[in-house]
Each structure stands twice: as C-alpha cells, then as structure tokens.
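In order of appearance the chains are A, B, C, D, E and F, and numbering begins at 1 in each one.
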Amino acid sequence: MDKSMLQGADLDSLPEEDKKRMATMIDQLQIRDSLRMYNSLVESCFSDCVDSFTRKALTKQEDTCVRRCAEKFLKHSMRVGMRFGELNQGAATQD
Amino acid sequence: MAANNVPVGLDKEQIFGMAEKEMEYRVELFNKLTHTCFNKCVEKKYKESELNMGENSCIDRCVSKYWQVTNLVGQLLGAGRPPM
Amino acid sequence: MDKSMLQGADLDSLPEEDKKRMATMIDQLQIRDSLRMYNSLVESCFSDCVDSFTRKALTKQEDTCVRRCAEKFLKHSMRVGMRFGELNQGAATQD
Amino acid sequence: MAANNVPVGLDKEQIFGMAEKEMEYRVELFNKLTHTCFNKCVEKKYKESELNMGENSCIDRCVSKYWQVTNLVGQLLGAGRPPM
Amino acid sequence: MDKSMLQGADLDSLPEEDKKRMATMIDQLQIRDSLRMYNSLVESCFSDCVDSFTRKALTKQEDTCVRRCAEKFLKHSMRVGMRFGELNQGAATQD
Amino acid sequence: MAANNVPVGLDKEQIFGMAEKEMEYRVELFNKLTHTCFNKCVEKKYKESELNMGENSCIDRCVSKYWQVTNLVGQLLGAGRPPM
C-alpha cells in the first residue's frame, strides 16, 4: 500500500490519543493489505503459470514462470504506486 | 478525508469509521487499478522478469487513463465529493 | 445498497442505545458499500471501454463509452434493486 | 436476522456481530447478483446509455432466477436458516 | 472454514478473558466465511448453469445443473480442506 | 501468528488486530485455492454430482502445487515470515 494514499488524513490536527488510534488503524489496514496482495499475487501467478496436473511437484518451467511472474508483478506494482502517487499529489495541490 | 470536510454533528466513532472506509476505498482503488493494468499491459508468457519499454509506457498510460475514468465517473455520480 | 435489504433487523425491539449503535453500523456499511460500488463501476467501465494505450489521455470514443457504461450500470443497478426488493418483500410476508 | 431467531445465551457483542455479518451477506449477495446479471444481460458495446426492452426483461428474469438459485442452494446446504 | 487453519493461534497461553475474546473473533470469522462461501457457491453455479433468460422460472435442466454443481462444489471443498489441513500439519511439525 | 513471533512492545489491541488479519489471510488463501482448483480441475457440464477419479487426483495435485507456489512467492517476498 502506498503511503501517499493516506496523506489525505490530516493527522496533525488531532489530539494525541486520536492520533495514536488513527496510526493503529493505518497499521492494521497496511497489514491486511500486504497479506491480500500476497494472496492475490500467488493466485495470479499460479493461474498464469500452472496448468498441468499430472504430477504433484512443480515442474522446472512452472517454477521459473512463477518467479518471473512474481518479480514482474512487484515491479509493476511499484511503478503503478509511483504514478498513482504523482497523480494524487497533483490532485492534492490543486485543492 | 481531510478534517475540514467532516460534517458537523458527527461523534468520534463516526468520524473514525468514515476515515477507515475512505482508506479502505483508496486501497481497493489502488488494487483494482494495479490488477487491471497488469492484465492490460504485461505480457503473460513471462519470458523474462523485467518489464520491457513497451510494458512500462503502457503501464504509465493505463494508470493515467484509469485516473481519468475515476474522475469522470465521480462527476457522473455527482456526489459533490472528489473521487480521491 | 437497497434499504429493504436491512429490513430483517427488528430495530424497534431494541433499547435506545443499541438502536443507535445498530444505526451507526448500518450507516458504516452503506458508506463502505457505496465506495465499493463506485470502485467496481470504474473498474467495469474502464475494462469494457479502454483498450488502447498509445496515448495518455482518454480518446473521445473512450470518454463516450465510459459515460454510457456508467449510466447503463446505474440504471441496471436501480432496476435490480427494485426487483430484489419485491422478492425480499414477498419472502418476508410468507414468514 | 430476525430477533426471534437469535439463540439464547449469546451476549450483546455476539448479537451485534451476527447482525453485522448478516447485513454484509445481503450486500454481497446484491452486489454479486448485480454484476452477474449485468454481464449476462447488458450489451457491452455501449451504443446508447438507455437499457432497451430486451435488456430490461432479461434483467427481471435474471434476478428472478438468481433468487431461485439462492433458495435452492440454501435448501441443499440444509442449514435450516432461510437463505435471505 | 477449516478448523486447522486457526491452529496457529496459541490460545492456551492467553489469560481467560483474552481466550474468550479470541474465541468470539474466531466464531465471527467463521460466520462471515460460511456466508461468503454460500454467496460464492450461488454465483458460481448460477454462472455455470443459467444462460437463457426467455422465462422467469428455472428450467428442469437448470435446476438439475445447479444441484449437481452445488454438490460437486461442496465435495471439492471438503477434499481441498483435507489436503490443505495435511499440508498445514506438515508445515507446523517442521517448525 | 504464533505467540512467540509477536514483537515486543505491542499493546493488546495490536496483537488482537494482527491475529485477526492473520486468520483472515488464511481464510482468503483457502478460498482462493478452492476456487482456482475448482476451475482448473472440475468439469463444468455437471453430468453427475460425484467427483470422478481424474478430478480427485487433479484436485490433490492442484492443492499441492498451490501450496508450493505460496511458499515460493513467500521466499521471494523475503519477508522473513513463513507464508503460512
């Protein structure tokens, strides 16, 4: 989850205990989000790379495919995060 | 949700609830965008683990267009609130 | 979210403070639901309408397509809500 | 979940939790139904922004059939609870 | 939801009131999960079995198809639960 | 999340929150696995309500491979935490 996504929340104006509560909430959402990302990365790469069920173990090709898929997905996801952050930034400064 | 947009008369539980929903929304938007653009732009034969130049520029344009669609639909829903 | 979907909850029999808590819960679910609907409408119409990535800006056709898609989706969603409400109503009176 | 279905011996937290899950379930059912029937009934070329007569009657039948499938599966799961 | 999925949580080491809270949380997740399973079973079998919208009522074939689909899905789901439990067990004893 | 993995200095709310997220994660993993293997292994014409031998062994292998992919991706993410 991109940090910039949460920048809208104006934490500084809150009293101390609310700030703490808000921070905990953000932490919890980030934990949930990374676990979901992990789950959906596994599902995507499994679906794209594994299609034969004649054996129990991953074949060498499937293993390679999953590794590349995961790497590509992560690079993609970082790039999207960067672009998304820039657009968010632009929208924020227009306000 | 910026503090100055919070309607008066809400108690603290409601404000925290709204902030939480807003963040969930942003995360979900980001995730949907990520998956959609991955499917539209990234070659699925996985011959290498790098994104090539074509994929990279497709991703940039895809994010830009997704953003525009988000804004356009936001206007159509006319909620008076910014979609982000 | 259709109001009728929540009619099963027998709010009147609850003490005052529980009523308030239940109402807050319903409000929260409605906020979450409309934000999700918004997200999934964007995703659907984007996927159906945008397929070329040779330029950064939406083309005129893509713009028109997204507008029609969103309008159709909203009309569809209202019709489904009406029919769904009728069936719910029927099921409730059969009890 | 109607109040008279609530098993005895549950404390208030559990009752609120169950009511919340029940509402989430109804919202999710509605959303899945909406998306499924949109895909089955609505023409995706978007030549106009109105639903035509064929689409409208398809939607009505789709909702009705989805409802029947919900009830049928509910019976098969035999949970003794009404699917709605 | 497979019981074995929650075995990682070391409940015995917790004080009494935390145990109760943890148990309530697990119950809530199980309720949510079975309702979600129900929803997704309906959606899957509807999508696979119902494709004609010339009448309002399910045809005999659609009815039969939905019944078989639901039965197959449940049997499949139980089998997956068993295998998943074995793998979880194996992973746990390796620790 | 086993108790001995919990970092020190977290208050009880955070521990409960983490335990809840962990369980949600396992449920979601199980559900995604179930749906993916249903789509990969089960014949969709529904000529009978039993799983045949081919489907059963496909399911077993599918679960096993899904598990391996989960572990493999976990290693790549290198989070130092076991994926399960």
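Note that a residue touches a chain if its C-beta (ideal position, glycine included) is under 8 Å from a C-beta of that chain, and two chains touch if they have at least 3 such contacts.
To keep track of the chains, here are their UniProt names: A, B, C, D, E, F = Mitochondrial import inner membrane translocase subunit.
Keep in mind that this is a model prediction, so the values were computed, not measured.
Colleague: Removing chain E only, and moving nothing else, give me the connected sets of chains.
Modeller: Leaving out chain E yields one piece.
Colleague: For the interface formed by A-B, which of the candidate pairs C-D, D-E or B-C is equivalent, sharing more than half of the contact pairs by residue number?
Modeller: Interface equivalent to A-B: C-D.
Colleague: Would you mind reporting the rotation angle for the C-alpha fit of chain B onto chain F, rounded to the nearest 5 degrees?
Modeller: My answer is 120 degrees for the C-alpha fit.
Colleague: Quick check: how many Å separate the C-alpha centres of chain A and chain E?
Modeller: Here chain A and chain E have centroids separated by 25 Å.
Colleague: Take the average of all CA coordinates in chain A, do the same for chain F, and state the distance between these two points in whole angstrom.
Modeller: That pair's centroid distance is 18 Å.
Colleague: Distance-wise, how many Å sit between the C-alpha centres of chain D and chain F, to the nearest whole number?
Modeller: Here chain D and chain F have centroids separated by 27 Å.
Colleague: Just the number, please: Cα centre separation of chain E and chain F in whole Å.
Modeller: 12
Colleague: Residues of chain A that touch two or more other chains: which are they?
Modeller: 36, 40, 49, 67, 71
Colleague: Where in chain B do residues touch two or more other chains at once?
Modeller: 22, 24, 41, 60, 64
Colleague: When the cyclic arrangement of chains is written out from chain A toward chain F, what order is obtained?
Modeller: In ring order, starting at chain A and going to chain F first, we get A, F, E, D, C, B.
Colleague: Chain A touches which residues of chain F in the complex?
Modeller: Interface residues on the chain F side: 13-14, 17-18, 21-22, 24-25, 28-29, 32, 36, 40-41, 57-58, 60-62, 64-66, 68-70, 72-74, 76-77, 83.
Colleague: Would you pull the chain A residues touching chain F in the complex into a rising list?
Modeller: Chain A residues touching chain F: 24, 27-28, 31-32, 35-36, 38-43, 45-47, 49-51, 53-58, 62-63, 66-67, 70-71, 74.
Colleague: Under the stated contact criterion, what part of chain B meets chain A in this complex?
Modeller: Touching chain A from chain B are residues 1-4, 12, 16, 19-20, 22-24, 26-27, 30-31, 33-35, 37-38, 41-42, 44, 46-51, 55-56, 59-60, 63-64, 67, 82, 84.
Colleague: For the complex, give me every residue of chain C touching chain D.
Modeller: Those residues of chain C that touch chain D are 1-2, 5-6, 8-10, 13, 18, 21-22, 25-26, 29, 33, 36-37, 40, 44, 48-49, 64-65, 67-69, 71-73, 75-77, 79-81, 83-84, 87-88, 91, 95.
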